[in-house]
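Here's a structure for you.
A, B and C are the chain letters, set down in written order, and residue numbers restart from 1 in every chain.
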Amino acid sequence: MLKKFSVRTAGRSQLINITGQVREAIRQSGVRDGLVTVYCPHTTAGITVNEGADPDVAGDLLRYLDNLCPWEHPLYFHSEGNTAAHMKAGIVGAAQAIPVVDGDLALGTWQAVFFCEFDGPRERKILVKIIEG
Amino acid sequence: MLKKFSVRTAGRSQLINITGQVREAIRQSGVRDGLVTVYCPHTTAGITVNEGADPDVAGDLLRYLDNLCPWEHPLYFHSEGNTAAHMKAGIVGAAQAIPVVDGDLALGTWQAVFFCEFDGPRERKILVKIIEG
Amino acid sequence: MLKKFSVRTAGRSQLINITGQVREAIRQSGVRDGLVTVYCPHTTAGITVNEGADPDVAGDLLRYLDNLCPWEHPLYFHSEGNTAAHMKAGIVGAAQAIPVVDGDLALGTWQAVFFCEFDGPRERKILVKIIEG
């Protein structure tokens, strides 16, 4: 089962909680037990799981990634000027796998699924692949 | 097939080799060929594969992650004071996929599966999802 | 379905575009819809998805990872002297999952699959695990 949805990002860097959309994709698939892979088909964005309760966690992650990967650096040659976004995408990763149990995500108490925008604002696509088993 | 087990971590930061427990979960499942996903339902911990032979590798990884993500930083706003642990969890990742071949993990010679504690000591849960195919 | 292939890396650090080999493995498997996991059984190398169009992106990633994880550091104890390569492998990750749609990788327009050599030159193996579903 493959489901797709889009998100509209609002800033250059932003973490968007997409747990609800992934849950809905699993519900629509009818799969009770299996593995879901949330996949980002973009090279300046990614998918991660982290704390969804306190929004300061997502803010801290974005601020600290900016600190780790500054927008300007003498080592960057890529002419589009967004190497920092490609680097952050590589650190966070383009995919996140999560077990599906009883028709729902097997997330921990504090976990949420985030789409990570690193070079917005843009319209972005997300793929949700659900394997039964 | 979904298996669960717990580990008791002993320090604030620690890499624990869980290869044996993952192997045992695969054996119990009876699956000969497929894909295993080792999943961490916590937001200040993660799962990774790296060298298991020389314990200095795991030690170096923890020391260098501490260097990359210090415990105190003016960019951190999260009131619990463990942003560094959330950041490390995001770098390492919450899940690790490994092929299953002939009823066992298809690890390379030097690879081991590690649970990564970044804000212990705590009792932690680990999910092992095995898909046949 | 499990397919294997090798690459010969040419430098200490190198990103090699292996999209063609992964596509060919999927074609040989005959799987039309499912999930592919590209797996690296080495501890000083990894697999990632990033931009394949402008080779400066891959070059920037390697240069900036060298900056983040220098070869020499007082925190490194591992006697082989390649802790930086183990650290980069941990950042990038040993596996990359990508949905399979209509018998092909569901990559975004600018995405390519890269084998990441962090301690070459060497002969390296890559596993391609394809799950139908």
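Structure notes:
Everything that follows uses one rule, which is that a residue touches a chain if its C-beta (ideal position, glycine included) is under 8 Å from a C-beta of that chain, and two chains touch if they have at least 3 such contacts.
Quantities reported herein were computed from a predicted structural model and do not represent experimental measurements.
Least-squares overlay of CA atoms from subunit A onto subunit B yields a rotation of 120° to the nearest 5.
Where subunit B touches subunit C, the two copies mostly use different residue numbers: shared numbers make up under half of all numbers in play.
Taking each chain's centre as the average of its CA atoms, subunit B and subunit C sit 19 Å apart.
The multi-chain contact residues of subunit A, meaning those touching 2 or more other chains, are 34-35, 68, 91, 93, 97, 131, 133. Subunit A meets subunit C in the complex at residues 1-2, 34-35, 37, 39-43, 68-69, 73, 75-80, 83, 86-87, 89-91, 93-95, 97, 125, 127, 129-133.
Contact residues of subunit A toward subunit B in the complex are 33-35, 48-51, 54, 56-57, 59-61, 63-64, 67-68, 91-93, 96-99, 101, 106-111, 131, 133.
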